[in-house]
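Per-chain residue numbering starts at 1, and chain names A, B and C are given in the order in which the chains are listed.
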């Protein structure tokens, strides 16, 4: 479904992503882990069209999508839940969802908002509250709900558990499992590497912009070398 | 008491017009962080449109407002397409001077294309008829101004609250990239914001021109200055703030004019207003409604 | 007088003389082929040159746009007119002149000096407000000032005779005095650009956050630029009035402000050369269009030129035609004072201690009773997962973020409530996670800037050449910092921080984005630099290879708390650390 071939992304002089090749197949849950500054967010942003790769090819459903405007990608079924959630704090929960439904046909939009809203009971309860007043967990659910508005084929999630209390972290991991069981394809970047790899079909480890390990999720999670691969270098 | 009511009516009329213009400025600032000093030129465009229509095909004030508003929307959209689109990612300094350049060009075009002198066109016959309420005399135009402004602001509030376009503009004003990730097209929402700002400026232009039916190359500048000040007082990017700032500025001007002692001071009305504003910036530089977000280091 | 000051003055003299000589030659060629109107155009250009040079001092160096400078030209212009008017005509046209000004009469020179002083007095007060404001506010304040002054002038009839203005001011004949005044204006602009405070102002323009973090006080840099620029603009206003013999509010409108700004940005506002070039080009273009307008019977055709040029520059070359290409800059690279000898490495005994730090952002607790201690000469590594609060801790220590509670001490010195520039002057130099170099300045200028801070506010400046050589940047020393590759930018940021001669270096992810080989080399560079200036180091990094190799002691931060500390080996063996990084093995 998604394939990156030798993708390199630069910010000015900085090479944030260095010839990375990964793929995500239909119906898979794939985890992308690695330390801060490894280029995980850059990878997701490049796929979602916020950044344009310097070299390499990104293809989605068989089509080359390098440098395609995010709005177009959303319409093709690729949605990103960005790092730090980026919900619209000055809009209500309902308005956040409405805005995320900008790609849905006008007559179906109302229905879609209700449909997605019904998946998240906590949001339903705060329907007309400004999103700025939501707790971290609620805000994260809203961010995911927003991405589901366009009924994406592929969902990219960037650090969905960052800054959440442990019980909420559990809820988010459950949500990921649920999404997969509904047949959605998911690529998730997660700081909680062990847990993400355990629930994932496959995993990739990124460090300093390069791919340093890949394999089945459970294999990587149990690998004693993971910590070393993560932090690089020996003593 | 009579004086007070009279002043209140006057200041609501003036402040409402400021609010319409300030709202447009704040709207554009919200989506692209540009303080648009060319915004006042839309009034000039509206005025010359009316002048041309009256002097060529003839015209009537029954349909002229539609033509004026349409010309303002068109002009506003044009500035985005020919200029602002290309400096969208530039620093504020560059964007600010781009808008100034457009303001200059507009002045020059009218001066060269038409005339540096004012061009008058037919007035609205009933504009200055008055109603008498006890001791208070109110011009018809005052009532029209207040009514139309109120209507425009209510409609705007509904647009921002209920329509997808309004929600998208508010969302984009808060976090542009996040809005793009939702599928909002950057070009479309910015162009839409310019069109809507043009619409509001068009309504303001109609109200202004019904009072003073003439076109002059630099007529937009004074209005612009007041509108920018109003938008900044309210807090750039805050839509409620723009309206509050506009009305506050209208009141400040009207009441100072009325209550300052006779003599030199009353001539210094503008100086006082701007003095008060300068002091205001010192005390509260972020405006009445703070919309700034902290920078990450 | 020391060598570097002599050189500064020499370079400024040479630059202003050269610029004015070129302008003078062009003017002579131009006037020798036409009538008297050509002389008045040259006079007007010279006056505009003074105003542009004055604007450059503030707008060009600080990057803060001002519309209000013409207000001070106006104040100066009226002051000069009132001072120079003969007593008899003064009694006639301004009978009610207040403050006993009716009895004052000065010669041309006296009038100019008085005018500049009056403009300075008013400007000094307004400047306090402008220099303190942030973002859009200073620009808006200057706009308000322009309107206020215009209204006061138009309405304070006892003093100014209102909108009609004053005439009959004794005229200073000949362009000679205008050339002298223009030379003074250019010279002051060059001297300011070369001066320490001028360099500081430039640093604040390049990065409003990095400059204070290196010991530059935003307010004093901007305020000094403002005051000096007001003096020069005042000179321009006074000369305008004395060359025409009359003054009125129409000479100082927003329109003219924009004309002057267009002149400033066309050539390139960041340099005096750019300002002068822009002045000549706009004057010539305006005149050309005016003549074309006359020929084609189009009134005010030249306004089209001004708007068009301004728009074209902003859309196509917002840095101006010349950008940073500059005669003064060329001379600075060509004639340089030798480095001052390095001061001996001081014996340092003060420890850096942050204790019980709590920081709340809204409802979110970013730091929860975190503390850290670095001893002189020691290298402490700070690690932790994403969002642990590492950078926040740096920001608290360097004064960028106010702690909710807790304290920061350097030896006996309490830095808990210190401003960033005070923290830097006390001896803490930092780098930034996302690189905050002064991008338009050269590599050498980046390092020189902090070296100047050290020379003025700390024990002494370090030799810039040596620092550049140590960082391997000698070959690229004259390139703009923004054009370097990433590794070199990181190394430059380290060298720039070291130039402060700090007691402690705080490095935020110095190897992020570097290859393994580069980050290994960084270990050596950080150690060498720290040894050279005798500094302790507190470093955040994610590369465990790098951090274990460089640190004497490591501290692990997770969720705003200190999770573990000890030697690198102890920390790596601690299972809690692995868990913090990788999540629990549920």
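The rule we apply is simple: contacts are C-beta pairs under 8 Å (C-beta built on N, C-alpha and C of every residue); 3 or more make two chains touch, one makes a residue touch a chain.
Nothing here was measured: the structure is a model prediction, and the numbers come from that model.
**Q** Measuring between Cα centroids, which chain is at the maximum distance from subunit B?
**A** It is A.
**Q** Which chains touch each other through the most C-beta pairs?
**A** Chains joined by the most C-beta contact pairs: B-C.
**Q** With chain centres defined as C-alpha means, what is the inter-centre distance between subunit A and subunit B in Å?
**A** 42
**Q** Subunit A to subunit C: how many Å between their CA centres?
**A** About 41 Å, centre to centre.
**Q** Quick one: report the Å distance separating subunit B from subunit C, using the average Cα coordinate of each chain.
**A** The separation of the two C-alpha centroids amounts to 34 Å.
**Q** Where on subunit A is subunit C touching in the complex?
**A** 12-16, 35-38, 136, 159, 162-163, 190-196, 198, 208-209, 221, 226-227, 230-235
**Q** Once bound in the complex, which stretches of subunit B touch subunit C?
**A** Touching subunit C from subunit B are residues 35, 83, 86-87, 90-94, 96-98, 100-109, 111-112, 115-116, 221, 225, 228-229, 232, 236, 264, 267-271, 274-275, 277-278, 281-282, 285, 292, 295, 297.
**Q** In the complex, go through subunit A and note every residue touching subunit B.
**A** Residues in contact with subunit B: 48, 50, 69-71, 74-75, 79-80, 82, 86-91, 95-96, 98-103, 109, 146, 149-150.
**Q** Would you pull the subunit B residues touching subunit A in the complex into a rising list?
**A** Residue list for subunit B touching subunit A: 164, 167-168, 170-171, 174-175, 177-186.
**Q** Using the touch definition up top, name the residues of subunit C that touch subunit B in the complex.
**A** On the subunit C side, the touching residues are 63, 65, 129, 132-137, 139-141, 143-145, 147-148, 151-152, 154-157, 209, 254, 258, 261, 265, 298-301, 303-304, 306-308, 310-311, 314-315, 318, 391, 395, 400, 432-434, 436.
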